[in-house]
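Notes for the one structure printed next.
Chain IDs A, B, C, D, E and F follow the sequence of writing; residue 1 opens each chain.
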Amino acid sequence: MLHIINKSPYDRCAVDSALATGAGVILLIEDGVYAAVKGGAEEKKIKGALGRFKFYALIADLEARGLGDRVIDGITPVDYAGFVDLVAENKTCQSWL
Amino acid sequence: MTTKKFMMVNRKAPYGTIYAWEALEVVLIAAAFEQDVSLAFLDDGVYQLKKGQQTKGIEIKGFEKTWGALEDYDVTQLYVARESLEERGLSAEDLTVPVEVLSRADIGKLMEEQDVLLSF
Amino acid sequence: MKFSILVNEGPYTHQASDTAYQFAKAVLAKGHEIFRIFYYHDGVNNATRLTTPPQDDRNIVARWSKLAEEHKLDMVVCVAAAQRRGIVDEGEMKRNGKDATNLAPGFRISGLGQLIEAGIQSDRLVVFGD
Amino acid sequence: MKFSILVNEGPYTHQASDTAYQFAKAVLAKGHEIFRIFYYHDGVNNATRLTTPPQDDRNIVARWSKLAEEHKLDMVVCVAAAQRRGIVDEGEMKRNGKDATNLAPGFRISGLGQLIEAGIQSDRLVVFGD
Amino acid sequence: MLHIINKSPYDRCAVDSALATGAGVILLIEDGVYAAVKGGAEEKKIKGALGRFKFYALIADLEARGLGDRVIDGITPVDYAGFVDLVAENKTCQSWL
Amino acid sequence: MTTKKFMMVNRKAPYGTIYAWEALEVVLIAAAFEQDVSLAFLDDGVYQLKKGQQTKGIEIKGFEKTWGALEDYDVTQLYVARESLEERGLSAEDLTVPVEVLSRADIGKLMEEQDVLLSF
């Protein structure tokens, strides 16, 4: 299933909650893209989950926040069309609001 | 009518925001549509079920009793994340209705089986 | 594939409404169908025609209305959530003794059952909120 | 002592508006003065007279209006925030070419300068939000 | 100064941010009252800060959440009138939204 | 006119919510009222100052340039929490304007000296 996360991992527990479900596909959008960024305290956790989860991050949101060039290796940037494809490819989606 | 598996994923504390209450309104309607409705309580959402809510002081309509009425609507699948309860120092005895306490991973598996996930 | 979209936050304050709009456009551009867009919680505030955003910024309400017109979208505002927050059409105005309406073109006010129906009828229901 | 209050969230969705109201009542009950209540961000949505909350729940807008009337409070809605979110009085209606108003009694629409003035003139400014 | 916190310590960093300022008076309101409750994972942190900060929690919010009887020893319950007094007694207040 | 010390405490990321932008509008007005205005950036608020914001894709008006204009309004006291920067893998060079990087405790001391704290 697809997990959509729109919350910063530095302020909210949404990323932790999604990871705790076990495995799947994660799309980071809005303030959730801060979880996709290199160099921060959350990087280790995300890298550790790359085996269990396939990670994507919305390009428009990364660029808006000045972070388009700092994405962790192994996380795939996608545009809104890619967002639609991810929803179509996965039977269900959970938005971790 | 087609029956689908709807799960409402409740992750927010009650009263601080309206999401918990408006989610409950969705549950009642989904039940009226005779859907296969289940509820998952994760993170601060587990506080929604805490016994003994007295909202007179904040002058907001309380909804603790509505949980007890869910059975009349044939809504009986209430799943609560064990880790979320424990982190908050709560146990199933603190909750106002009987629930099934599951690990977050098991709730994750149940989520996979749903047709529709509504998150609040 | 048939999509429905749930919008749970109002315009401008949270990005949820912006992302939902971009997502809806991308769904249509991909040739998918949108069965319904449902506005709940503060999402009902997307449906007021009384906004006047700054001229150098996007007009969130107007672009929803335009998208609905261009693609014949069914955009439904939850009546209970709308009553709490003051979103009113002609029928609601009369029923509740109000003296004005503010519903924008392209939106209609109806019950929460329309959300459940969207869940039943659509292949995918995507939630945008806070 | 002279208090001012800043309300940053709309009615019902967040408790901020409820707490601000209870705080305002307690300020007055203690014999303090309220210089101004300022509504910013989604807080401007406290000022729509078009809400119809369920009968067994509190009427947030009406009780603000009542409090203002009873205590001659100055309740100011930020004009820029109001324009983004569709809160309109007679003047704004004409200025922006709108066809309806929705401002509730006891509120007035004015600029952000009124918030700064409240900060300058009051002994305490307390913020309620999300 | 007075720190007003309305966020759950299990979801948000508001309590941590307030504690990091050093010392003062903390009033827990709305979902912030979950920080005042015994038995949870946050209790230790709050107890450890009781020396540097004087803690209060709004009674109406504790009762609404069914927690009036579980307040950590050393945290003082106050009503809305007490809230007003705390604001009056402290020269400034910061709401950790 | 009386001059008071106003500090705007910014703790939220930009664009995900409007608070950062509407806070900036308050800063500009406070400066126009010739108040002693300072800004503190804590937690996700430090992201507001990140260089290189390109908001075309999300179709929301960007405001990175407005930070640079603050100097014209004599708003020069910008304080950023060191711990918040470091936790996010950022340094002062990543920010779009010169700031003073302080510990959270030192920002706490500055907060104590204010007349009015506005939080966003």
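The definition used in the following text is that a residue touches a chain if its C-beta (ideal position, glycine included) is under 8 Å from a C-beta of that chain, and two chains touch if they have at least 3 such contacts.
Keep in mind that what you see is a predicted model, and the values were worked out from it rather than measured.
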For chain C and chain E, chains touching each: A, B, D, F
Interface numbering overlap (same over half, different under half) for chain C and chain D: same
Furthest chain, CA centroid comparison against chain C: E
Chain pair showing more contacts of the two, B-E and A-B: B-E
Farthest chain (mean CA position) relative to chain D: A
Whole-Å separation of chain centres (CA-atom averages), chain C against chain D: 26
Separation of chain B from chain D, taking each centre as the mean of its C-alpha atoms, in whole Å: 33
Intercentroid distance (Cα basis), chain D paired with chain A, Å: 38
Interface hub residues of chain C, defined as touching at least two other chains: 12-13, 15, 19, 22, 41, 54, 80, 127, 129-130
Contacts with two or more other chains, residues of chain B listed in rising order: 15-18, 43, 58, 60, 115-117, 119-120
Multi-chain contact sites of chain E, meaning residues that touch two or more partners: 6, 10-11, 13, 30-31, 60, 79, 93, 95, 97
Every chain pair in contact, whichever chains are involved: A-B, A-C, A-E, A-F, B-C, B-D, B-E, C-D, C-F, D-E, D-F, E-F
Chain F contact footprint on chain C (complex, rising order): 12-15, 18-19, 22, 54, 56-58, 130
Interfacial residue positions of chain F with respect to chain E in the complex: 9, 11, 42-43, 83, 104-105, 107-109, 111-112, 114-117, 119-120
For the chain B and chain D complex, residues of the former touching the latter: 15-18, 58-61
In the complex with chain C, residue positions of chain D that touch it: 10-13, 41-42, 45, 48-54, 61, 80, 83-88, 92, 96, 98, 100-102
Contact set on chain E toward chain F in their complex: 1, 13, 17, 20-22, 24, 92-97
